[in-house]
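The chains carry the letters A, B and C, assigned in the order they are written, with residues numbered from 1 in each.
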Amino acid sequence: MVKAEKSRKKFAQTLRNIWNCRMLYLLLLPVIAYYIIFKYLPMYGVTIAFKNYNIFKGVFGSPWCGFDVFEKIFASENFWRSIKNTLVLNFATLIAYFPLTIILSLMLNEVSHVAFKKLAQSILYLPHFVSWVVVAGIATNLFSQQGGTINWILKSFGVEPIPFLSDNGWWIFTYVVCNVWKEVGWGTIIYLAALSGVDETLYEAAYLDGATKFQRLIYITLPSIKSVVVVMLILQLSRMMTIGLDAPLLLGNNKVMSVSQVISTYVYRLGIENAKFSEATAIGLFQSVVNIIILLAADKFTKMIGEEGII
Amino acid sequence: MKKRLFICILALFLIVLGISGCGDAKVQTKDTNVQQGSSDTKSTDGGTQQSTASSKYQTTYGSKKFNNVKITVELFDRSNAPEGSTITDNKWVKYVNEHMNKVGITVEFIPVPRWDEVTKMQAMMASGTAPDITLTYTYAHAESYFNQGGTWDLTEFVDGPDQALNMKQYLGKDVLDIGRNANKQLYGIVARRATTAKSNLFIRKDWMDKLGLSIPQTPDELYDVIYKMVYNNPDGRKDAIGIITWNAWNMKMAFSQVVSDKTKAAIANGDDAFADYYDPGMREYYRFMNKLYNAGLMNKEYYTMSEDNFKTYIATGAVAFFEYAVNGSVDVLRGSLLKTLQENVPGADIISIQPLKNVNDGKQYSAGYALGGLINFCPKTASAEKVEACMTYLDWLCTKDGGFAIYHGFEGEHFNYDQNGVPVVINAEYNSKDKDWIRTDLFLTGNQGYFATVDDFNACTAKEAPGYEQHVIDNYRNALTGIIVNDTTYTSPSTPDLITDITLVRDEYTVQCITCPEADFDATFDKYMKELEKVGIKTIIEERSKYFSELYKNN
Amino acid sequence: MNVKHIGKRNITVGSVILYFTLTILIFICLYPFLNVLAYSLSGYNAVLSGRVTFYPIDFNLSAYKQILGRTQIWIAMRTTVFVTLIGTATSLVLTIFAAYALSRNYLPGRSFFTGLILFTMYFSGGIIPTFLVVKGLGLFDTLGALFIPQAINVFNFIVMRTFFRELPKSLEEAAKIDGASEFQVLFKVVLPLSLPIIATISLFYAVGYWNSYFDALLYIQDPDKYTLQLRLRNLLFGEELNTSGRPNLEGIGTEVMSQSLKMATVAVSTIPIIVVYPWLQKYFVKGVMIGSIKG
């Protein structure tokens, strides 16, 4: 008796809550409409991965084939190698890129000379806009073993020329360096936005209490951007299975294929060359599933250590 | 509240629309003026030849006046329309329509960005928005569309004795047959190449002369010549590169053991991996390259080279010998390499040489393109009447008023005839702004131009590189010296499924084979073969063997 | 007064290292750009012979004349600018709505809606089904197809929501006690405090729209509606993507772009959007009312 009444009361309370938030729902309305129309309506296309897709019969007219496509993909050694390489490259890039971005943001934040700061901010993010075609071309000239600038400098220090582009391990290094160089400036934008929102009075108070610059950094600055850092980390971890096409395609070469062949290049060859829609969709599905699993795991972990997650 | 209800209804409506719209990708374009009498739907399997006097579809230009039929034709857009014109509004589009209107056809061009043409084509075909004439350079796609039931069988529009006469005459049976599948159904109209010349072997003539060397005729002689050019460099260069094989088509011919047999050569064609596996001679080719690499005669990281790097090396005079696209040394469209080289290094000269003698039988073999270029086809979204009109359009393109005018222009304005009847360009710059920018893409039935014979092509092209006419003529002649081995256009049934993994293995191991230490060569090459087998190359080779033995068994 | 920097007026070892490192970084980041500009302004022989480093040799503007001299490029630029502006505005509005509503932790169903949105970051129907929806709505070959289907980017939404969550609740509560509705809280309290993040997300969207070409490739047929990137990409990317090693069936007869033309293309397609960020920097200042909050 009591239970039924309790749940009825709860239900009534929920309805009241909803009514109180009606304005918020109004705000959400166009957003949800957008998602339904443009994202959920086409969602049936995911079934292509389970069908023998005939583009003229369309998705609904094409016959089902169960997991055949997946079986074919999973049987391919190249597929698994692409996965491994994707993870390796993404992970290596993350380890370098993530902390460096934060450090650079903090450095820029410390600059007192306003003009210099603005200049630095404006220039450091330029590489983000330079197309990979150009970057790859420059990198080839810079890092080549015979006559590349870097090796030329090394030679004058008596160091043997390093095969930056032709040795598997060194290629990964070069790849990470190029990626970091290209994106680190751009990555600081978010953190700088967060840093500019830090309450000045906290610094005042800390200074008056005798805190050194370093202490102010550790105890005020860092905590204030903690939530942004956490969110960024989760988001980037949840993209571990995804990798852009341009960088590995253009920086890679046939000698280092065993480390440069990634999911995106594999799908590119499959899709563009051979119109293998089903395979490309299936691989995309695989990537998505893995990414979501990582996302959920990262989110859960974050909540466990007391931070607010994404969901 | 009302808003929400409206959205719900809208969403529901769209769901229904989406579901119904997806299963049927055909969008019937309604003709307001329908040709009287002719049926719009026609069965498309098997071409039934009309042996009686007049074929059902009249596709020779001039043999029928259409009733205001509008066709859409794909046109590659290279973003190079000159000032005052756009890709869809220019004097050539008007010219085309002027002539097609005479037979009651209007042509509307649908531009497609050239380098994304495959993606765009896929999207258009899947959504039923493809033009009535769609074209591509990738035959496999065209055939796949046909097999999926999405394009017309053109047999009944073209094969009749009074149909598409101009087309048949210009293209010839061999080229037309390229567009037929194993069941002899005509799934597309293939453009004819003006020449099948594919590749040239180029060498620094000035270095040869300075060192007193004669033109190498065998791979071993080539090795010696290159060695001397690099280590005894006449210009005193320390950074000379002995050899760059931007393509290796002719080089491989010199080692092939199957090239003398038509069937075997066809089996080995189609992808480098097929040849590597099927042709024992390829092992020796890679061994040769490995020897060159280990002797320091190749750029150490040659596999990172981009085409721009490659051209820079040549233009700065660093390269002794290279294989490149035919006429690549002086081709204006490839950057006039020789001209730039001579500005940088006065006295330098690059000439092409004849193919090297094959190490097995001593003969010279030249790689040649397949006889056909791009392929035109008609999606089922076009009505039969439109297809008839499309074939008529393609037929017109094979006439002098059509292809010749589009490619060469008008006498007196763009060219004049010389004493041999060869059209000679009057003002190259004017031509390039007036017609050259669009001519290749309008002229759908011919690759590289409207020419009756290969010699015409050579003579005409020579004039397009002023100052280097003799080089051009020599280049084309050398590219077709000896026995010409044309590419095939056949794709075996299992190829689309297996080719991705095969090409990955190919790319990875060919580099390993060339760059490994000489002692490891055989082991590495064996591994390459094993890896190819792992990804199913035997299946493809078997299919190809079956197909070509069938095809050539009466030859 | 910039309190953070009190005590730092004198030149310390730390600040020297700081400025020095940043200067090096500046040069490293600047070099490729100078390289691109130099190539685009150099003479043909110098470019082909690889002599150009970071200043032009045989200065000439022919590459730019070739690109900017074409009306179609200007038409494409106009289209891109229009789409970028309208698209950014639309995206910003929708993202702000979503981020604000879903940052209110008293909203029933909050996790459900957030999950709905997040899900789409990973699973999508694919190109063809989306194409069919766009076509079904009558957006095919219209400019609307270039920004409506892409209006909300999940990443941007999450970031903005995070920022909204971090704002001190006290101010919002105070406003509500004063009788403000949710709308008023959003417009009068939250947004003014969030200028840096709004500027940031605007930048992200603007750059996204500016650089996009794939939607134009799929949905646009009328060449006058091509975006700048679609036009230029075709000039730049051609050979790079021909990876399979299969002989290019096209063979001879088609022009290969020179390096300097390619570089000029890069310059033209990136310079307009690059200047947006410095202009936005003025918003990276403290939120207007933050100083007045006390506990």
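Throughout what follows, a residue touches a chain if its C-beta (ideal position, glycine included) is under 8 Å from a C-beta of that chain, and two chains touch if they have at least 3 such contacts.
In this text the structure is predicted, and so the values were computed from the model without any measurement.
Chains A-C form the pair with the most C-beta pairs in contact.
Summarising the inter-chain layout, the chain whose CA centre lies farthest from the centre of subunit C is B. Taking each chain's centre as the mean of its C-alpha atoms, subunit A lies 16 Å from subunit C. The distance from the centre of subunit A to the centre of subunit B, each centre being the mean of the chain's C-alpha atoms, comes to 39 Å.
Look at where the CA atoms of subunit B average out and do the same for subunit C: the two points lie 38 Å apart.
In subunit B, the positions touching at least two other chains are 14, 18, 22, 119, 126, 306, 308-309, 503, 507.
For subunit C, residues that reach two or more other chains under the stated contact definition are 127-129, 132-133, 137, 237, 240, 244. Counting partner chains per residue, subunit A shows two or more touched chains at residues 37, 41-42, 44, 55, 59, 269, 273.
Considering their complex, residues 14, 17-18, 21, 23-25, 27-28, 30-32, 34-35, 37-46, 48, 55, 59, 104, 107-108, 110-113, 116, 118-127, 129-131, 133-135, 138, 181, 185, 189-190, 192-194, 196-197, 199-201, 203-204, 207, 213, 216, 227-228, 231-232, 235, 249-250, 269, 273, 277, 281, 284-285, 288-289, 291-292, 295, 308, 310-311 of subunit A touch subunit C. Looking at the complex, you find that subunit B touches subunit A at residues 3-4, 7, 10-11, 14-15, 18-19, 22-26, 118-119, 122, 125-126, 140-141, 144-145, 148-150, 239, 299-301, 303-306, 308-309, 380, 496-497, 499-501, 503-504, 507-508, 510-512, 515, 534-535. Interface residues of subunit C facing subunit B in the complex, by the touch rule stated above, are 44-45, 48-50, 69-73, 127-129, 131-133, 135-137, 140, 217-218, 221, 223-224, 226, 230-235, 237-241, 244-256, 258-259. Taken together, the subunit A residues at the contact with subunit B in this complex read 29, 33, 36-37, 41-42, 44, 54-61, 72, 76-78, 136-137, 140-141, 144-147, 163, 165-166, 253-255, 257-258, 261, 266, 269-270, 272-276. Residues 14, 17-18, 21-22, 77-83, 86-88, 110-111, 113-116, 119-120, 123, 126-127, 129, 137-138, 193, 198, 247, 249, 271-272, 306-309, 311-312, 315-316, 325-327, 331, 333-335, 337, 340, 343-344, 369-370, 373-374, 440, 447-449, 487, 503, 506-507 of subunit B are the ones touching subunit C in the complex.
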